[in-house]
């Protein structure tokens, strides 16, 4: 494998931004230096640019079955990871949901193989813990999955067929603690949400925009509070996926201030898109339907403040794209049930947009600095999900997953200019200053200013992840 | 200047611990690498050792006048920085207190010169903002001092002659905000403390151990709360020195959770020593008298939790050593007023012990990991006090202030084995596993396993510091 | 019915203590006056005494089935109300638990008739809402029960066979809100408790004193938090029975401070008895086993503070007496499973002791004053449970349920001197100053200094209660 | 003195509302009864009406010097108490501020005599504690004033010439605690306010409406927090006058939840008037200038919630009327410095409007009930200021200070229809349903449906008040 030298750039890590050349050999960073006389087969001049670790999107749903396996998301591991790469993300961590006729363990192995066969960047998988009723011996499978690199397990506190009760949470948390696994929760009080859906439907309020009404701030905040109490009682850390409500983020903030080891993830859609953006779109509001929902604009301030204070630890996408116009080769997508929100497939895309959107809304706007940006999108997810310092940092010994970021480059986000199969973009028309111009994955030059250089399915590796690092 | 290569060590930064060789040239780190064929004039094998940035003690008082200039601390800039170096600390930031017949600016310049002439490691100076009554035009001096590298200013919320009122805090905070300076507060409600001292004295309770009674948790917590409100009203960040009360730390924690940019410093004496250790020592309790006081053992848990949560950002020493046995060449020391606590010079030593004590009580005990250790003792103070990434990190381009730490080395802390002039040690007899075996300051090899290699006065540089970095 | 005049006493209500004569006719108070020339058939001189409303114990379990109807409490409505009367309590509100082969409605009517046939003082009944699985149409029954005076419904958040999930809570709370009924919760997280029981049993820790370990402060506090969120989401007030943990009381306190209409009840056993009192009693610790458990002594301070602040609104007993020595005519009592805590019938007696114990520990000790005492034991329960101002106040028009209290009378509490069928007393040997010397129920003179004057079964009335008054 | 009988009314106390006749003799209530055959010289039929204790306005400023004695309020003790009586208020508690050439004690006696000579209803006086600099021996005077009935002392935390520092607060609080006096604070951080005034003036923002900008929520909340810490450290209860900011009220709420005995007062102007009502009035905004200021409309919700939760204990007026049109016989009034807010005399009228405004906005609107209304305007101030149960309750033995309230009577509030000398009304045009139709002061019939029956100066008594009752 040829060596690569990136010269004259500013290396931006979570901790520090320094001027250094970066030398890459055999897919790894072997040296950083200044005033060097190093040579390499391939030299990239990064003058005026930032050299950052490749983005890690710890929350995606590629070729992912939803609604009781009645449909699935539009992107497969190929198109999804191509989109990721083009956006500067060199690792995605997706989910495994037990299939009806297969154990969790078997589903995991199959999905691992699918991912490994198609992915263009590296991929890991979180295991979703099914209700005990669906697989009574699931704890045995979970135990085995740690050996397969699934060192993070997600529990649903809501949704029929996925929701587990507190006893199952406690059992799972205990096993996670014993095996040094990071438990994750989708934190909404399922009883509260289901009841609100019923009330809305019963009263005829089924238009797409009513989706948000069913998912109250209180139901999210309550679930966060309870999950923290349960995790603390067991003595395990906890990761809360897709925090959407500032009230829920505040529960995390309070718990952290009191000593709980709880980590919150939020997503760009909650930070920069608002209910007001889709409330009046009629059935096309389906494009914005995800859970928890994209909330009132007044909610955004609190989330930004929590990002700034550190109460929120990561920014992922929950990328789960569906099309508005039904493609022939896909099962029913966003508009399969116009006017009836409970049947709209939940999810929005974003894996390609995440870095640019957060850079624009966070860094350019002055709320966070480039180091914190790297922390949120790469270093912290790497740490929490057992990939650090292999990934998430530009450091000697790390995988050469690198993004050369041009902070001066202008760009307009559009669906047409994106690589996801989703046919719309919730950031359509957003102007950003700052974008990835080169992307390397384990030393391989995937993207350059002219675009994608390679999209070989399967060049991405499946990641067997280690234990979480909490600090 | 000869080049130095440190091989086979584990480089520990706040962010990450990685295996890398470190190449030093002209006092700076010029490269980190793995599998290198680098050579150097001087090669140190760090197999099995940790290579960390040199410690930064952001709170010392060397040859420092106290009690209305009636006496001063035992260590001068030479003995104090020798002690620092021997303990793995390569930077100290001390204070300038306006002298009675001199402006703050003139005092600063004189003290800068004294430090530069004597110091063995690098030294910076915080400016202490005198009451307006003592120097009406002090804001002009402060403005000029930024140019001299005093990018942090300390305000006393207590103590006659030093205490400023809220209006002075607001004026100072505003100027600090405008000049990108970090304001610091000694946070105790001076009225509450003075009143308690009076009550104790009036009732004959003047023994040394009563000192603690005069400094209630409530007076410290109140002052923190108020300082945060004032800083928030101005829009400035805030640094709270020597947080001793868990209740005060909790105020910081709550404020941070709510979005305030407030940073707390604590000290080893508050973390591992307790009132119970000296309450019965009679007049020798003077050895432990400092302000805020070393508190009840039950208070320690809260401080450790706040360290773990991040509510406390740094660990410094407030090193202010006085002798128990009066040396001939020093003004009256600890026992100048036996049985009468108000006249005991306040302060305890620690600049040499800080790293070992925190490593033992924090890292060996499992509360924090080596990365967080580096954050507390080097990276975070470097960031907050305008020295990062010049110091506080083992990175390309940084000063080669390096500690090679042997995590397996046993050591017993004693006054006899220390380099401070103080003739006792509040950690006497403490066994630690983990200590510095080599210390470099800007590439110069100051300490090796045989001890101090050089103590040339003035080899330390005076540091003109930049603006704080808050993240 | 003869008229009664109580002269020269100090009338103590929750609001005020005033000097006034009290004139009673036809079972009701018809006048209060000073300097009167009123006459009556029966005149009681209350010089130096306090005239208070009769106590209302809003939480008792008389002839009450437990453990799946496998046994029941020792007192029936006769012995239990005799004990109540002797202790100055003229109203008890007990519970109805749906019997296996009977609807809740039918069980209620039967229990109402039993109570009416046996009681010596007035009795009301709270309805316990069974799990939906046990009676799918239970909401219909609840609706009907309001007409029968059951304006308060209790939900169990713990215990197999009784525990309801959040959806059932929401349904019940909504109906309660619509019908102006006060929902009550037994607030413990049933999943957490059941799991701890299992863990203790699995590890052989089955001795009686381990009972406490299974019921963590966190499980109680979590349940309170969640119940408040659910109640707030519906818009209903909420009553939390038997708050035992200061952490749970603090959740109530915080919620009230934020505007939630939540009311906490605690019991004398939590205020003055402690785990340390029975931890070493071996199987006789069974005498103290109740749920939530009697906790660590260090927990008491918080409860008292919450009583003082008003975060706790009432003091009831949860009177559920069982015998240590097995009587022939009763099913298995406290010692039916020595050494195995999960089978110990839960509950402690107290209906006769409540006023004296709280007076001694609260009023004599100076924490609360006599007005607050009346508020806690009579006025507030009367308001919350739809009996005010018919009961709970010495006022014109109110039932003449009166206690003449001698604040100077000494008394020692003993099982031997009590009227409950329980053969032990958890306050055994407690000396109190202050006791009831006369007790009137609707004008009838039940108790005088020589003791009980009448114990006719059925003289007590069944109370059809009105809607709660919340202020 | 003739006897009076009020028949067929509903007696409303803080605790309960009951049907009862009220018999009055010699200025006191001697009996309450139902179904009586009582007779009296004077019988008032209260069918359909409420019989409530006369209002107690614990915060007025009649003929009160302001701005360094440069002017004074428009109402004297005669016109002010006439207005009070017409509005249903039978007691006012005003303030004594030490005059420049007189001790506090002497000023108090003079002002007491003035009040006694002019007042139409009963009057008490709080003592304002001057800065130590103004009267070094002020604690001696305070000690003597307790004997004169001044059992409440007010401290200013703001305003030049009145502001005391924390040490003075602590001294005063300690003496108050020892003498069973209730300390009161005007809680604003004087340094913050003064600085904002300066900044506004310096930048030319001197229009009347800028007054509000100088008094931040944070300065009020900070002062409340600090006053509570100081009071808790001494062990004294605390009364916070005129809480205007919901953030400050929240500090009280949090402190109470944590066990502090702190009581908050708010005023109708903060509850129903808003900054938006006067921001655009130009110099006539002077009519609304008071301190703390009338704040943003968005602030009102929090205050109402705090009234509902009990965090706020009383509603007084801070009645301090000045005229818009300058009367000949008064010193310069509201418009003495058009366009320059720092010289506008602070204060708004309200003593006549308080009950009607709070009834309409609180009771008619459903936020509070009539019992809570009585608590806020009469019972609680009576308790806290040493007048209970002499006043503040319709009870046997109490002064016959009675209001017969017609809850069905409509009324429109106007300046023209008011009795204060102020020539405008901040509630002008407000329609209310509910007003006083009869008012009695110590049994004397002052007001009937035709209006004022007597206004004899000096018929009001000066009140020597007892110790506070806190519950």
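Per-chain residue numbering starts at 1, and chain names A, B, C and D are given in the order in which the chains are listed.
In the analysis below, contacts are C-beta pairs under 8 Å (C-beta built on N, C-alpha and C of every residue); 3 or more make two chains touch, one makes a residue touch a chain.
Here is each chain with its UniProt name: A, B, C, D = Dihydropyrimidinase.
Predicted model, so just to flag it, every value in this text is computed and none were measured.
Counting hops only between chains that touch, chain A (Dihydropyrimidinase) reaches chain C (Dihydropyrimidinase) in a minimum of 1. Greatest Cα centroid separation from chain C (Dihydropyrimidinase): this falls to B.
Centroid to centroid, with C-alpha atoms defining each point, chain B (Dihydropyrimidinase) and chain C (Dihydropyrimidinase) lie 58 Å apart. Distance between chain C (Dihydropyrimidinase) and chain D (Dihydropyrimidinase), defined via averaged C-alpha coordinates, is recorded as 40 Å. Multi-chain contact residues of chain D (Dihydropyrimidinase) (touching two or more other chains) are absent. Pairs of chains meeting the touch criterion are A-B, A-C, B-D, C-D.
Partner chain A (Dihydropyrimidinase) is touched in their complex by these residues of chain B (Dihydropyrimidinase): 11, 13-20, 23, 25, 30-36, 250, 253-254, 256-259, 305, 308-311, 368-369, 371-372, 379, 388-389, 393, 395-398, 471. Across the complex, chain D (Dihydropyrimidinase) meets chain B (Dihydropyrimidinase) through its residues 165-167, 170-171, 189, 191-192, 194-195, 216, 218-219, 221-222, 225-226, 229-230, 232-233.
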